[in-house]
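Heads up, the next two complexes both have subunit A, just with different partners, subunit B and then subunit C.
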Partner chain A sequence: MQTENEIVEKLCGEFGFLQDKIYVQRQKRIFTGFLAKEEFEQVLHYAHDELGFYRASHVVGTDEGGDLGFIYLLSNEDGIILALKEKAPKSDPVINSMTDIYPSLELHERELVDLFGAVVEGLPEGPSYPLPDGWPKGNYPMRKDWDPKYFDRNTMTYNPPAGGAGKEGGSK
Partner chain B sequence: MGLLQRAIEWGTRKSPWIIHFNAGACNGCDIETIDALTPRFDLERIGVLQEGSPRHADILVCTGAVTLQTRDRLKQIYDQMPEPKYVIAVGTCACTGGIFDGCYCVMGGIDTVIPVDVYIPGCAVHPEAIISAVQKLLDTIGQRKKGEDRHADRK
Partner chain C sequence: MSKKFRRNRIELPIGPQHPSLKEPASFRITLEGEKVVNAVIGVGYNHRGLEKACESRNYIQDLYLIERVCGICSHTHSTAFCQGIEELAGITIPRRAAYIRVMVAELERLHSHLLWLGVAAHEIGFDTMFMYTWRDREKVLDILAEVCGNRVNYGINTIGGVRRDVDEAMLQNMSKMADALESQVKYYLDLALTETTLSARLAGVGKLSYEDALRFGVVGPVARSAGIAYDIRVTEPYAAYGDIPVDLVTDTREDVLGRTVVRIKEMLVSLNIIRFCIKNLPDGDIAVKAPLRIPAGEVISRTEAPRGENIHYIRSNGTDKPDRVRVRAPSEANWRGVKHMLEGGYLADVPITIAAIDPCYSCTDRAIVIDSGSGTEVKDWQSLRQYSISWYKKQGIDVSAVKIPERKYY
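Let's look at the complex of A and B:
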C-alpha cells in the first residue's frame, strides 16, 4: 500500500509545478491547489495510469467569483482520495471531458453543464440533466449571482430587478 | 343528500382506498407511510387499502415538496381521481416545502398545486400521526357542504 506521502512525493517528482500546490490535508486525503488546464490533465492521466487511481468518486463545481472551479475527486483501492482542481474563467468556461478514461463521470459533467454553465468538450451527446424540462437557457442555478427568489416557477422565467440581483442574499 | 351520495360516503368512510404519491420527498416519509400501512401499525384496521391506480382511489397521500418535474404529474394524478377525493400532505416538506422551500426547482408544499384536506407535520412523520390524520379525515367525510367549490381560492 502506498501512503499519502509516497503519492505526494511521486507526483512532485514527476511534476515540478505541483511542488508548492499539493499537500496531505489529513489521513487519506490529498488536496491540490488550482492547476492550469494542461497541468490538470497531465496529473490526472498520470494518477490514473501510474498511481492506481482507477475510480472517480465525484466532481464538484465551485463559483470562484470571476472563475468556475472544478474539483475532481479520484480514489484508489486503499481509499485514498486525490482532489485535483482546475479553473476556467466564466467568460469562457471550457474544460475537457474526462469521460474517455473515467466513463462514470458523464453524469457529473452533465451536472456541471446544467448547473454551472460549463462547456465540457468531448462529452457525448445526450439529454440535459438534472434540470427539469423547459428550463430557460442561460440560467445556471448554482452560480452565486443567480438568486432563486427572482425565478418565476410558473412561467419558468428569471426576472432580476434592474441594478444588480442577488446582493441581499437569502432565498425566496 | 341523495341516497347514492350517502352510500358512497358510507363506503368511503368504512373503506377508503388510498394512493401514495412521492412528489419529491427524501423517502423518509415514504418509509413511514409504508410502515403505517403494513401490519406493525396496520392502517387496514380502519379499512384502508392501498390502491395502485388513482382512478380507484379516494385519498391521495402525498409526501415531499413539489418539484417542477413532478408538478404536472401530481395535477394529472389528482385530476384522474374520482370525486369525492381527499388529499393528505404527509411531512413538513409536503405541508410547506420544508428545508427545500426556495430551492430553484421547488414549488413549495402540496397546496401550491392541489387543495389539501389534512396536513401532517413532522420530519419524518410518525406512523401514529398518519393513522390519527386518516381517522380525523374519515370523521369529516360527509360534512362537506353540497356544491362547495374547493378550487374557489385557486381560480
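Let's look at the complex of A and C:
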C-alpha cells in the first residue's frame, strides 16, 4: 500500500511543475491545483500507468470566472482519491476526452458539454446528456452567469434583460 | 464479417418507458438474430437541476433537496452531504448520532435490497418471490417509519447529527424485526443457491469480468460480484462504521446470479450491524450546533449506498450557500458497465441485465387508498387481505379457505 505522502512524492519527483500545486488534504484525499491541459494529461496518464489509479469515479465541472474548471477524481485500490484539476478558458473551452483510458467517464464528460459548454475532443459518439432535445443552443445552465429565472420552460427560450444579469447566457 | 450478415442486423429502440423499472431510460439495441451486438444507452430524462438549485439555497434548505436525489436511498445522500459540510465546518458529531445514522443506513440497505430482489424475481417471471420479498420489505419500512416518521425520505439527518432520538421500544421492535427477517433472508439465500429456476435463468447472464468491472468503474454489488473488494464502509469507514465489524461480501460469478447472492448476503451483514448498534448504542446528545456560514473550502464526501459508492463534491465560498455541489450517485457509475453487459448477450436477457444494477426509482406509496364516496379509507395489511378475498369472491373465486401459516412475527 502506498501512503498519500509517498504518492505525492512520486508525482513531484516526476513532474517538477507539481511542487507547489499538490497537497494531501486529509487521509485518502490528494488535491492538485488547476493545471494546464498538457500538464494535466501527463499527470493523469502517469497516475493510471504507474501509480495504480485504475478507477475514475467522477468529473466535476466548475465555473472559475473567465475559465472552466474540470476536476477528475481518480482512485486506487486503497480508496485514495486523487483530485486532478484542469482549466480551460471560456473563450476556447477545449479539453481532450479521457475516455480512452477511463471509459467510465463517458457520461460525466457528456455532462461537461451540455451543462458547461466544454468542447471535449475525442468523446465517443452517442446521445447527449443530460439536457433534453430542443434545448436552446449556447445555453449552459451550470455556468454562474446563467440564471434559471430567465428561462421559459414553455417556449424553451432564455430571455435575460438587456444589459442585465445573464446577458452572456453562458454562450461561448 | 460479410455484407450479407451485416444487412441482417436489426436496430430495436427500447424505452424511454423503462423495460424493467418505473423510470425512464432509452436503449437502442442492435441485434443479430437474438444476440445483442451494440447497445446505446440514453439517460437524463429525470435530470432535475438539483445541483444548480443547491447553489441558490442555504445549506439547510439544500439538505432537503439532496435527500430527494433518490427515493430509495435518500439517507445515504443526506449522510454524504451532512458529513461533507461537517468536515468543512470542523464539526464532530456525537457518537450516538453516528450510530443512529448507521442504523438507518442499514435499514435502508435492507429495504432497498429486498425491493431489488422482488423486482429481479418479477423480471424473470418468479412473482411468488416478488410478493414474499415485498411483504418482508414492509416490516423494514414499518421500523423506518417508527424511527424516522417516514417510510422514505427519512429526514433523520441534520448538519451536526440527527434530528430524532431512538427509544427502548423502538430498539426492541428493531431487534424483533431483525430476528424475523433473518430467517426469511436465509431462505432467500438458500433459494438463490439451490433453486434451479433461478440459477438456470440468472447464471451466465450479464457477464462482467473483474478487469472489465475495474475498467468501466462499476461500484457496489455489481463490482463485488466480480470479485472487487470495494466497500466504502470498510475502505473509508464513516459515521460509526469504524467501531463496527463489517463483513465485506464478494463473489466470483461475475453475473446476475452473483449480484443476487451478494445482495442477499449483504442483508445478513446489515442485520448483524443493526444488532451491534442496538447492543452498543452510546448514551448522550444526538446533535451539536452547526454554523449557518460554512468556512470556504472543498470536500469530497463518500458513503456506501445500497447500490454502491456515493460521492458528493461540495465547494464552499464562506457564505451560507454552497458554491458548487456535485452528486455522483452509484447508478451513474454503473451505466457504462451495463452497455458492456448487454453486448454479447441475448435480447430476452436485456430487462434482467438492466435490473441487475438496481437502477434507482422512487417509491412513496404506503397503503391502498379507496374512495368510498364518503371520504377516503386507509387499509392496513389484514384489511387489505380481506378486501382482496371479497373482491375475488365477487368474481366467483373463493380463496378464503386458503390458510396462511402462522408466523412468529408476521
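To be clear about the criterion, the second predicted complex is superposed on the first by the 165 of 172 C-alpha atoms of A that agree within 3 Å, B and C clash if a C-alpha of one lies under 4 Å from a C-alpha of the other, contacts with A are read in each partner's own complex, and residues count from 1 in each chain.
To be clear about the criterion, a contact is a pair of C-beta atoms (placed from the backbone, for glycine too) under 8 Å apart; a residue touches a chain by one contact, two chains touch by 3 or more.
This one's a predicted model, so the numbers in the text were calculated from it and none came from an experiment.
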Winner by number of subunit A residues touched, once subunit B and subunit C are compared: C
Touching partner for A:L131 - first (subunit B), second (subunit C), both, neither: both
Which superposed partner A:R153 touches (first subunit B, second subunit C, both, neither): first
First (subunit B), second (subunit C), both or neither touched by A:P141: both
First (subunit B), second (subunit C), both or neither touched by A:H45: neither
First (subunit B), second (subunit C), both or neither touched by A:R55: second
Set intersection of subunit A contacts, subunit C complex versus subunit B complex: 131-132, 141, 148
Interface residues, subunit A side, partner subunit B - complex: 131-133, 135, 141, 146, 148-149, 151, 153, 156, 171-172
In the complex, subunit A residues that touch subunit C: 26, 28-29, 31, 54-58, 60-63, 71, 73, 77-79, 81, 83, 102-108, 126-132, 141-142, 148
In the complex, subunit C residues that touch subunit A: 26, 40, 42-45, 47, 49, 51-52, 87, 214-218, 230, 232, 235-236, 298, 300, 309, 311, 313, 315, 324, 326, 328, 332-333, 335-337
Touching residues (chain side subunit B, partner subunit A) in the complex: 67-69, 101-105, 107
